Amino acid sequence: MFSLEGITTNVQDWLFMKFNPTLALAIECVIVILLAISLFAILGLVLVLMERKVAAHIQIRLGPNRVGPGGMFQTVADTLKLIMKEGLVPDMADKFLFNLAPFVVMMVGMLLLAPIAFAKNFQIWDINIGVLYISSVSSLSVIGILMAGWASNNKYSLLGAMRSGAQIVSYELSAGFAVLTIVVLTGSLQLSEIVNAQQNGWWIFKGHIPAVIAFVLYIIAVTAETNRAPFDLAEAESELTAGFHTEYSGMRFALFFLAEYINIFIVCAIGATLFFGGWMPLHIGNWEAFNHIMDYIPSSVWFMGKTFFLIFLIMWFRWTFPRLRVDQLLNLEWKYLLPISLFNLLLVAVIAILGWHF
Amino acid sequence: MFLKDYISEVVNGVSSLLKGMRKTGYYFAHPKEIITEQYPDNRATLLMSERFKGEVVMPHDENNEHACTGCTACELACPNGTIKVVTKFEVSPEGKKKKAIDALVYRLELCTMCNLCVVACPSDAIKMAPNFEHSVFDRTKLTKVLNQTGSKIREGIE
Amino acid sequence: MYNQTEIIKDTSELGAEGELVINMGPQHPATHGVLHLVVTLNGETIKKIEPHLGYIHRSIEKMCESLTYRQFIYVTSRMDYLSSHINNLGCALLVEKGMAIEVPDRAKYVRVILSELTRIASHELWLGAMAMDLGAFTPFFYAFREREMITDIMEDTCGARLTMNYIVPGGLMYDIHPDFQKKVKAFITQFKSKVNEYEDLVTNNVIFQSRTKGVGILSAEDAISYGCTGPVARASGVSCDIRKIYPYEVYDKVEFDEVLETAGDSFARYMVRVKEMNQSIRIIEQLIDNIPEGDFVGKTKNVLKLPKGEFYTRVETARGELGVFVVSEGGTTPHRIKFRSPGFSNLSVLNHIAAGSKIGDLMASMGTLDLVIPDIDR
Amino acid sequence: MTNEEIKEYISSIAPAATFDETGEWLNVLLEPAQLKPAMAALRTGMMQMNYLFCLTCIDFKTHLTMVYHLSATTHRQSIVIKSNLNREQAVIETVCDIWRTAEFLEREVFEMFGVDFTNHPDLRKLILEEDFKGYPLRKDFEDPINMIKL
């Protein structure tokens, strides 16, 4: 069966055999960049289509069904349209920052891709402070949003950007704490070690109720961090028309749009890694036969399956709930999520010290 | 007690959210509930109500005869000047002069489908048809002459 | 025309230090039409809201001065297009009152049933749009599914889905469709089985409740002083249902409750409308099996002439009290006609209830006022 | 409350008032100068007319007539107050400090009929654009472009 396992080492060995080390490294970089960009493009297309289909089915509609079989190429057509559209820059906008902002948001998504383990032994950069790296880099995206809101010279954009600033700064905390519970259980910041620690069971099962609570907190916090409904205050369609990207059109808008979906993918991938064992197959205790069958499913399929389940969960939220108000959003974080996370972290620390987890 | 209130608030909040998610999840899992009508594709099966007020037409029978006497009742009843009756005098074989319509000009772009002309017509010469696909590229095509060329009034209608 | 710098100078003069003046509308997702609000903000807090109207002003009152008493009814469908049938009814009632035309019972029953169906359809649309204002997109589609059944009934019987023009002075334009009763009953069963969905998705939702409870509070005194009617006033505890106070048609023969809430906030306005739908169902259930046989239109003269004088009728539309005030000089057309539209008075209260709250609250307040812009501009 | 009692009461606050009972409701014709105090008395006095449900103006070609429909949410008795204004110089005092709904309704009458409401807090055009000339709902208003004579 096809597996991504070991592909990286094979490629590296071959490259080092053919070229001198510097050139090999350069070629590797190019390959990685190309792969990352193509992954972005494919993910963007797939996730947008998925969102539209999920929304449509929840809303008793059919969704896109004209372009290609079952509307499969709808997003391709949309992308073509966005590329060909004129990218307008408002007259009084700060042109440099206005053009830079979508790229900053995009860049953050790309940087976050580095430490994610897509399959067994298939990882761009297994940095030993992986979790720390993710939580620090992901908070950079607010800079892009603030930049876009400020540079547009539009009051709606500015309001949206300011909301986004307040939102991301506060929800970083509970997302961080939720991640921290797993770090406490594992005892490592490295993503590959976190995955390996879940060989005999995923943390969401092994960690008892605190892990479940941490997972719920994590999902809520990352939904807020990616500016998704019910926390989409930065865009808040019915209040601020389109929030921080009101003035964007054409390709720049497409980049924002793409970045939103990439961010969802990344936070869900991290969620899957931390709580659902990343590429680790589902193993149940001593059921040898069952475990063996599960091992036959490639690790990349496991990883993608878990990630897309979480993405579906976030989409499900979006099409069910109304939007919060800005003060309620901050109330939710500071009065509910943060105290619960702190308490939860304490519980997890006790469990980890006493070794109560499986 | 504060802590009890706090916990029950959280539990009630989460359970209300889960109830909503169950509802939307039900519809996601039941594609049979989808109510989309794929309009241009379902033209063959699309059932319009026979009373639907889409446009004013003048029914002609197989002899190319209509029932309009040119009394201008519809023109008077119309609130927006949609209908214009152009009359002429026809000379019957016996040499009697008789008023008849030359053209019943109907301007669809002015029509609000209020049905007052149909109600006003004493000889039921015009009626509403359920056709709703009126879009054209040229505005002048919306001005229609309802009586067909060469048509004449049916015998016996005064 | 203004040039760019003038506009910038203008807006900077409008706002004092620390204030942000933003134009909401006429093209804005939450204003549902072409309402233009000039909102003065201090951060996220609203200091003042100033409505600018007239983007869809067609001067219906002036138009009606040149239309006969048969013709002017259809124009009123275009005022409050969501309760167009009730608008038509109000105008027909005025003509019938002025000329003492006898309306057959059958017509009265059908008029009331269709009015209540219109009310449900209007509230369904409002419910969906209101949830959408607050960021929940899905209830819109569920609400429209039920509304679609009503519009189908309307299409069968009246020949149009939105601007019916089914009522003529003296009765109805033509008899009801043979399937009318069957379809209405099917709708009632469907509605009753689906109404709990709104409770799960919207009413009981903790986010929705926190967004609407205590938001946009309108006291009973202010509601009367601002001339608010309909669900907006009833949510503040003001009894103002025209169907109860001045019963017209057969409303005095049917049993229904006037829905009253006391909180006066957005959630109360929401609850009034949801409960009102159930009351409308109750009215329809009492009438649908008892439509008397007989003529659907009474005897009227060919040319209608109102006697000299002033006439006023009112009906309860989905948004509140619609008053039709006609000054007749005895001719075939009105000398002056004034529509006391419910939306106009309800809009005037917006600044009062939303000032001091957040931008998000404005959507809740404005959404629950249920503004239909053509009704306000006329 | 019978019409006689109301007439008596109104005569006591505005002696020059004339009455007309031919319509559905009691019509009271007041001089523009008397209107404001009489209205204030109706709102606060014995009648407690707290609900102004219709405020409009009629152009009778010779004069303008302001029409106020008053009612009360307690006893549901409606009366109509009228006041004749000069077409050339239509000035009347505002009632929007008595009933808040009058603020918008008077702005509408101001732009449509050209009635000047003194002491109105914010008398600007509400529906028409700022530089609109003429008063559209007056009978002598002509708009050669937008008005179509059938």
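Chains here go by letter, A, B, C and D, matching the order in which they are written, and residues are numbered from 1 within each.
The criterion applied here is as follows: a contact is a pair of C-beta atoms (placed from the backbone, for glycine too) under 8 Å apart; a residue touches a chain by one contact, two chains touch by 3 or more.
If you're wondering where the values come from, they're calculated on a predicted model, not measured in any experiment.
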Discussion item. When I count C-beta pairs in contact, which pair ends up with more: B-C or A-B?
Written reply: B-C
Worksheet item: If you average the Cα atoms per chain, which one ends up farthest from chain C?
Response: A
Worksheet item: So what's the Cα centroid distance for chain B and chain C, whole Å?
Response: 24
Practice prompt. Could you put a whole-Å number on the gap between the CA centroids of chain A and chain B?
Written response: 51
Response to the item:
So, in whole Å, the Cα centroid of chain A is separated from that of chain C by 45
Worksheet, complete the sentence: Averaging C-alpha coordinates per chain, one finds the centres of chain B and chain D separated by a number of Å equal to 42
Discussion item. Can you list every residue of chain B that touches 2 or more other chains, as numbers and ranges?
Written reply: 17, 20, 23-24, 35
Worksheet item: Which residues belonging to chain C are in contact with no fewer than two other chains?
Response: 138, 145, 201, 205, 207
Worksheet item: At which residue positions does chain A touch at least two other chains?
Response: 58-61, 319-321
Fill in: Of chain B, residues touching chain C in the complex
12-13, 16-17, 19-20, 22-24, 35, 49, 51-53, 77, 79, 112-116, 119, 128
Item to complete: State the interface residues of chain B toward chain A in the complex, per the touch definition above.
Response: 10, 17, 20-21, 23-25, 27-28, 31, 33-36, 38
Worksheet item: In the complex formed with chain C, which residues of chain D make contact?
Response: 22-25, 27, 50-54, 56, 58-59, 67, 69, 73, 76, 80, 99-101, 103-105, 108, 126-129, 136-137, 150
Discussion item. List the residues on chain A that touch chain B in their complex, please.
Written reply: 54, 57-62, 65, 316-317, 319-321, 336, 340
Worksheet item: What residues on chain C touch chain D, complex-wise?
Response: 51-54, 57, 59, 61-62, 66, 221-222, 224-227, 229, 238-240, 245, 309-312, 314, 321, 323, 325, 327, 335-336, 338, 340, 344-345, 347-349, 352, 377
